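Note that the chains take the letters A, B, C, D, E, F, G and H in the order they are written out, and that residue 1 is the start of every chain.
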Amino acid sequence: MPDSGPDPRVADLGFARLDVDRAARTGDPEVVYGAGKTPEQLVTILRTLHERHPDRAVLATRLSEEALATVPEALPEAVVDRVARAVTLGPLPAARGTVAILSAGTSDAPVAAEAALTIRVHGAGVDRIDDVGVAGLHRLLGVRDRLASADCLVVVAGMEGALPSVVGGLSGVPLVAVPTSVGYGASFGGVAALLGMLNSCAPGVTVVNIDNGYGAGVFAARVARNAAPRPDAS
Amino acid sequence: MPDSGPDPRVADLGFARLDVDRAARTGDPEVVYGAGKTPEQLVTILRTLHERHPDRAVLATRLSEEALATVPEALPEAVVDRVARAVTLGPLPAARGTVAILSAGTSDAPVAAEAALTIRVHGAGVDRIDDVGVAGLHRLLGVRDRLASADCLVVVAGMEGALPSVVGGLSGVPLVAVPTSVGYGASFGGVAALLGMLNSCAPGVTVVNIDNGYGAGVFAARVARNAAPRPDAS
Amino acid sequence: MPDSGPDPRVADLGFARLDVDRAARTGDPEVVYGAGKTPEQLVTILRTLHERHPDRAVLATRLSEEALATVPEALPEAVVDRVARAVTLGPLPAARGTVAILSAGTSDAPVAAEAALTIRVHGAGVDRIDDVGVAGLHRLLGVRDRLASADCLVVVAGMEGALPSVVGGLSGVPLVAVPTSVGYGASFGGVAALLGMLNSCAPGVTVVNIDNGYGAGVFAARVARNAAPRPDAS
Amino acid sequence: MPDSGPDPRVADLGFARLDVDRAARTGDPEVVYGAGKTPEQLVTILRTLHERHPDRAVLATRLSEEALATVPEALPEAVVDRVARAVTLGPLPAARGTVAILSAGTSDAPVAAEAALTIRVHGAGVDRIDDVGVAGLHRLLGVRDRLASADCLVVVAGMEGALPSVVGGLSGVPLVAVPTSVGYGASFGGVAALLGMLNSCAPGVTVVNIDNGYGAGVFAARVARNAAPRPDAS
Amino acid sequence: MPDSGPDPRVADLGFARLDVDRAARTGDPEVVYGAGKTPEQLVTILRTLHERHPDRAVLATRLSEEALATVPEALPEAVVDRVARAVTLGPLPAARGTVAILSAGTSDAPVAAEAALTIRVHGAGVDRIDDVGVAGLHRLLGVRDRLASADCLVVVAGMEGALPSVVGGLSGVPLVAVPTSVGYGASFGGVAALLGMLNSCAPGVTVVNIDNGYGAGVFAARVARNAAPRPDAS
Amino acid sequence: MPDSGPDPRVADLGFARLDVDRAARTGDPEVVYGAGKTPEQLVTILRTLHERHPDRAVLATRLSEEALATVPEALPEAVVDRVARAVTLGPLPAARGTVAILSAGTSDAPVAAEAALTIRVHGAGVDRIDDVGVAGLHRLLGVRDRLASADCLVVVAGMEGALPSVVGGLSGVPLVAVPTSVGYGASFGGVAALLGMLNSCAPGVTVVNIDNGYGAGVFAARVARNAAPRPDAS
Amino acid sequence: MPDSGPDPRVADLGFARLDVDRAARTGDPEVVYGAGKTPEQLVTILRTLHERHPDRAVLATRLSEEALATVPEALPEAVVDRVARAVTLGPLPAARGTVAILSAGTSDAPVAAEAALTIRVHGAGVDRIDDVGVAGLHRLLGVRDRLASADCLVVVAGMEGALPSVVGGLSGVPLVAVPTSVGYGASFGGVAALLGMLNSCAPGVTVVNIDNGYGAGVFAARVARNAAPRPDAS
Amino acid sequence: MPDSGPDPRVADLGFARLDVDRAARTGDPEVVYGAGKTPEQLVTILRTLHERHPDRAVLATRLSEEALATVPEALPEAVVDRVARAVTLGPLPAARGTVAILSAGTSDAPVAAEAALTIRVHGAGVDRIDDVGVAGLHRLLGVRDRLASADCLVVVAGMEGALPSVVGGLSGVPLVAVPTSVGYGASFGGVAALLGMLNSCAPGVTVVNIDNGYGAGVFAARVARNAAPRPDAS
């Protein structure tokens, strides 16, 4: 049976065939989704990608407790973010543009942290604004100038997911909403927040999957980078 | 086969057996749910109830276009509320206590109107505050004193149903949320708003069925009446 | 990047920014949602809030087994309610008004207990009426006088959630229904009871989220306090 | 291609192949599901079945308005039940045993009527008990002796579907619950009632599909007939 | 606050108030739902009920592994059914009438066993017919005479839940279908089987909740007992 | 802005860009999905495709009543199948291999007819076996030889969707199941049948979307053509 | 009862209170959601907004057939877009930046058109790329250069909603996906496409509500405007 | 009570009655579903089936970790496939025809492996094509010749499930899609992928249950065997 031959855009590690061409197609760094992978597999993948691109950071997300403990032992130069449950290897890029990340409550911290690290790895800067849930509006109204000075907003909330609607009414900056699985009973693991955000009465709110801080971060970094003046344009 | 005999608490109209004992049990007036009833049936029921209790109002809700046109012809003393799609017959009671009704948008008007008329028929007063959706907070923040002076709040909203969470963070007055079927796509006929309200991050928010302005009105009137000083207590 | 500065209405503990202004806005005490917090975090939060308001109780709900054991060791003056899985710190307020809490079965006890403690902390009195499920009506019919003498009813039930409809037909006192996750198969973790209560044929029934004894308690206490004669009014 | 040849247990009408063997297998009469069939097709089917079995009734259910008007013109000896939207042709059998049919509200009448006619056609007797919804318990408590004297109960209810639980707690007679699509909002076309009945806290409640008065009737008639003393056994 | 006083129809054990009046109302024995109860509580309840009614069996269902091991140590005369995960205490009644229990596959055995034991405790006899799934029709067609000689059928099946439709086409005996949670993926814990049974094309199929062998057993035993000639009638 | 230029594989009609390359890629004829297209658009599309490929049939499915009447007037050589609500234009290919189409009831006829016409247009032969629902097994058992002689089976059923499980237990021929939207109440427009088929206990059953006779037909024709001996291979 | 007084940021038309302050807060033009409004109301709103801001376009979306015919008669200078079912009044702004709009099939045209018009009204340019569904990849691969030269992508698709995943793998430009309600059976009015897009395997895909071309357009225009070099910056 | 006697088509093991007649009816080998069975039961079943048919392979799927370790100890000649979590006993048949199995990502490997082993046991050959997800199209486009040379395609994908639509547009070979439970948040355990595949815009895609590699394998092997020239036909 004919085979299509080895593909230079793929790194075959035996247990996985890495797409190492994404940077060429999309301009983004390499990212490893850690769920379901053993610490050994993660170390191999991170090392392989780092060797191919030693000048830019590789990101691994959704690490297990075991992987968070093991990976830095095998790769001492790796940097661990315990709240985001993620690891980076290699130098972070300079930041172009700023993404403001708003979160509603303390329980939303892991998703906000994953978004923040993803944004930094993808080349934009971050302004964190935490604990500004809609049941205490004074906290949100006190940061309106920080909203206005951002190039993109990432708004993280669980429960009823109302925060993006309120923020979207205060600002015209592009806004990505991230529903989290925080809640109980009829929150259905984040579905209530997801539906709330999809039905926002504020126009121009877009949404990613439940707990998907990574996806929101990739998108927001792209928007912020493009909105910032090019360094070589000055 | 033995029968339980005619019951003085029931008026048998042939096509329906009316429970005319509710006032004795619960202190509330008689209400007719109009959906699925012919105009002729509605006229008969309204007339029967009015003759039994000529000194207090009877309410009919969810009337069809045909019934809204026909009932006043047969019962000229009936008062029609076209927005609420409802009719009353007999004098409205004096108002004890006040319920503030907030609505998010113009499309929520029919549900807010049904709640308002129900509250008046059940013996409390009403303060309507319309078009205070969360995407334009300044409108809501401008009415905080009206919230504080109410004995109960009814908050009507469709789409993401965020308004009760914001109001509940501004005020400690008992709050009943009413989701409406306003919206499209993933609003699922009001389910998104219902879930949002059930998962409100503001404590002390209770919820009724989608578009159920009547149920919210009954509840809020009971709360407001009890909270007001008894006229005979002075 | 400009910051909005330290806010006297917020206590920043590093891992969380406490909203210590809620009492001023809504008249309610401070409450800590314990799920997902470590015993150390809970002790710090409880102690901080208690120091700010030593004259009134602080409530912590949804404690883990570990927290239920650890918190009283660190805070010997804390009072533990094992059935409610909750802790209070500081003196309970005097009770104004009475909330009757009805529960359908033994399995509903934790939710009823959470509602009861919440009501006491929020300044109203409690009358517990347990094991009055609709499959044994004689037990419910025997307590009609207790229903009538309450200022608000909290009705807790799982499975088909029929109890609020029956109680709502017996009494005109404002009624808050709490669905519980008791059941199996097509109960879907409380959804069957939630839908049953939202569709109650008794008018004036309002509903909170599944297992949300806390939310029902906050609401009911507000209603009962307002319905009671003001002590300073005499 | 080989064919299985004409089958004496099947009557081929061109547009449908009737199973005329069911009586031999199950002891039940012939029934035609009218939805989606033209009046002409219904007349042909009813006439064919009647000619095969002139000594016992044929039943057609779920007739359209047009069919309810047309069929009796073509078949003058047919008997129309407008509430049940059904027609019978041929003599009803003598009744053995009794099924009590309880319904919660006026809107449940079509489903209760379909069940009643089905039971009579299948050879049992009927005791109708209408408008005994759980929000007015006194009506239900007044008919306990009629429940006790029945051989099977059919309980019809929409909205929250609580009636079977209450009835099942009052009586040990076999009980079939029928959810109806009466309701709005989060009743989801009868799903709330269906779930309520499946999760009934009263043991021994069985359920049929939403609005399926016919299915409940077939089942209840079989139970009642078997429970009655055989006429030839005396 | 007035109390309704001790009720002779209730046994108060401190942790629960037992309804010991059910036999008088419905003619059925006492049954304990074991899920969520400690072995100590179960022993106390079983002993109390047995002392009140030493002449008839008490049934406890849904026992944990721990309870299945502990209860017989404390109550040596108890009889354990490991497949049904249930225990009986006291003599089983004589059997009147017969219920045939059909199950589709080996994985349905626990639900079928719970139904069988329930039927025996409630005074009817049992004929077990296992492993007759519809993908091997010859096994089912071989037992048609056993179907015909039963007074009621209980049909247990998971996955697509097709067995009741096929059995219902072969027999006119009253049929109760029990969906089980056997399956994976889009079976959604038994919902696929539940929907299949509710939509059965065979008339006269009734359904109970997922895995509810107990409920089906109570119902079927009532039907079978009533269908059998009374022993004292001969 | 650069454009990719006119593509010979696409026919641009102004209101649509037809993919006229599918035959080259997949070997299948051109098919037009008629829902939402005006009769004029359908005539234009059919004529365009027919002119490109006059030697083979073009198929249009899901036609409205208006289109079924109008298209043959504009294209007299078109052949209308009223049951399938479809039209063909051009000569049908010779049949290679045979697909047996089984349907459960009369109401499934439109879906079975759409599958049958699709199969013929895609070059395979059809054997129709109607009204073989599982509640009357004798009809199905009488056609086992026709099942065995087919190269592929298409099994069409609504309600509980049990027919594929029974057929799949009788035969090892590849089987495609088509759920139909026939049913009411908890059939949810075909979802019950869809879930039943996805969870079939017979191995080797595959499923298409609800009412998707066309998709099943395309698949089955491909299987049957490949299974038949090539005419040019002899 | 105290009122908050007339608010200059609100235009009170009697039947609605317009938020005319949005431009100040968010920089976006005024938009009227036409669903549920009478043609007369639409004319009044459009005229009012146009008089306040004669130098920039006002947009009305989701117009009924009646409104599409009536509005231009009353406002002859209005421009109608029949495919988008929308109307503009006033001059369109100059375009800064470009949004490429991709659609999968002909049926997605109304949603794509609504997005396109919204983008133009909000100050960005549009490049339409239609009929590039994933079942004919050659059409999509032929426009890769147009993807690369855009500042933001809007990808519109119904059915399985796969197009955004494929496009997101080809390009690193920020991508907003719009699910449409095109489909039948288990597409559930666009839910299948919505879930597909939320679960896209391509990182950086964000989603709006079903058929919400307007929301996607607002967001994409903001992104594109910010990404383009400021005209005053040269 | 009459019994139908021992059936030679059934092997009664006490804990289960094996259908050992399937090969005669459907031509397929014996397969054991391992979930929920103890290692001892599995060994007994495998040994029994192997003794009856020593010349062909028996397959056991869905084995627990414990069973994967225990079975080979008791049956040393058994062959373990750890990725597929399956075991075979006895010689694999010669391969007739080829099934190409495509998988989207590394996490889909267990389902693809189960399909591959099932196909081999059922007598067809396998061509594995892994890691060809739609977000990196170049990998898929490079294997078009392998698609064309297969007799059937099995396409395995989680997340949005888009791969079958893209493959179905590239090839006319019969295609069976397998959704996997890979994903998080709104993937709902594979429901998003399942819906995506059911709504595929490529015609002729059929679907099996979530993670059902076994069912897809049985079906595909039947198709491939029939499509291949019979060895005895040459």
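By our rule, contacts are C-beta pairs under 8 Å (C-beta built on N, C-alpha and C of every residue); 3 or more make two chains touch, one makes a residue touch a chain.
Quick caveat, the model's predicted, so the values are computed rather than measured.
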| item | value |
| --- | --- |
| Subunit G and subunit C - chains in contact with each | A, B |
| Steps needed, at fewest, to go from subunit A to subunit E via touching chains | 2 |
| Maximum centroid distance from subunit E, chain identifier (CA atoms) | G |
| Farthest chain (mean CA position) relative to subunit B | H |
| Chain centre separation in whole Å, for subunit C relative to subunit B (CA means) | 26 |
| Subunit B and subunit F: spacing of chain centres that average the CA atoms, whole Å | 52 |
| Chain centre separation in whole Å, for subunit F relative to subunit C (CA means) | 58 |
| Separation of subunit A from subunit H, taking each centre as the mean of its C-alpha atoms, in whole Å | 37 |
| In subunit B, residues with contacts to at least two other chains | 135-136, 169-170, 185-187, 191, 194, 198-199, 209 |
| Inter-chain touch pairs (all) | A-B, A-C, A-G, A-H, B-C, B-D, B-G, C-D, C-E, D-E, D-F, E-F, E-H, F-G, F-H, G-H |
| Touching residues (chain side subunit H, partner subunit A) in the complex | 98, 106-107, 127, 130-131, 135-136, 138-139, 142-143, 145-146, 149, 184-187 |
| Contact footprint of subunit H on subunit A as seen in their complex | 1-5, 7, 9-10, 15-17, 19, 21-22, 35-36, 179, 181, 189-191, 194, 209-212 |
| Footprint of subunit D on subunit C - complex, ascending | 104-105, 133-137, 141, 159-162, 165-166, 168-170, 183, 185-188, 191-193, 195-202 |
| Interface residues, subunit G side, partner subunit A - complex | 25-28, 31, 151, 169-176, 194, 198-199, 203-209, 214-216, 218-219, 222-223, 226-227, 229, 233 |
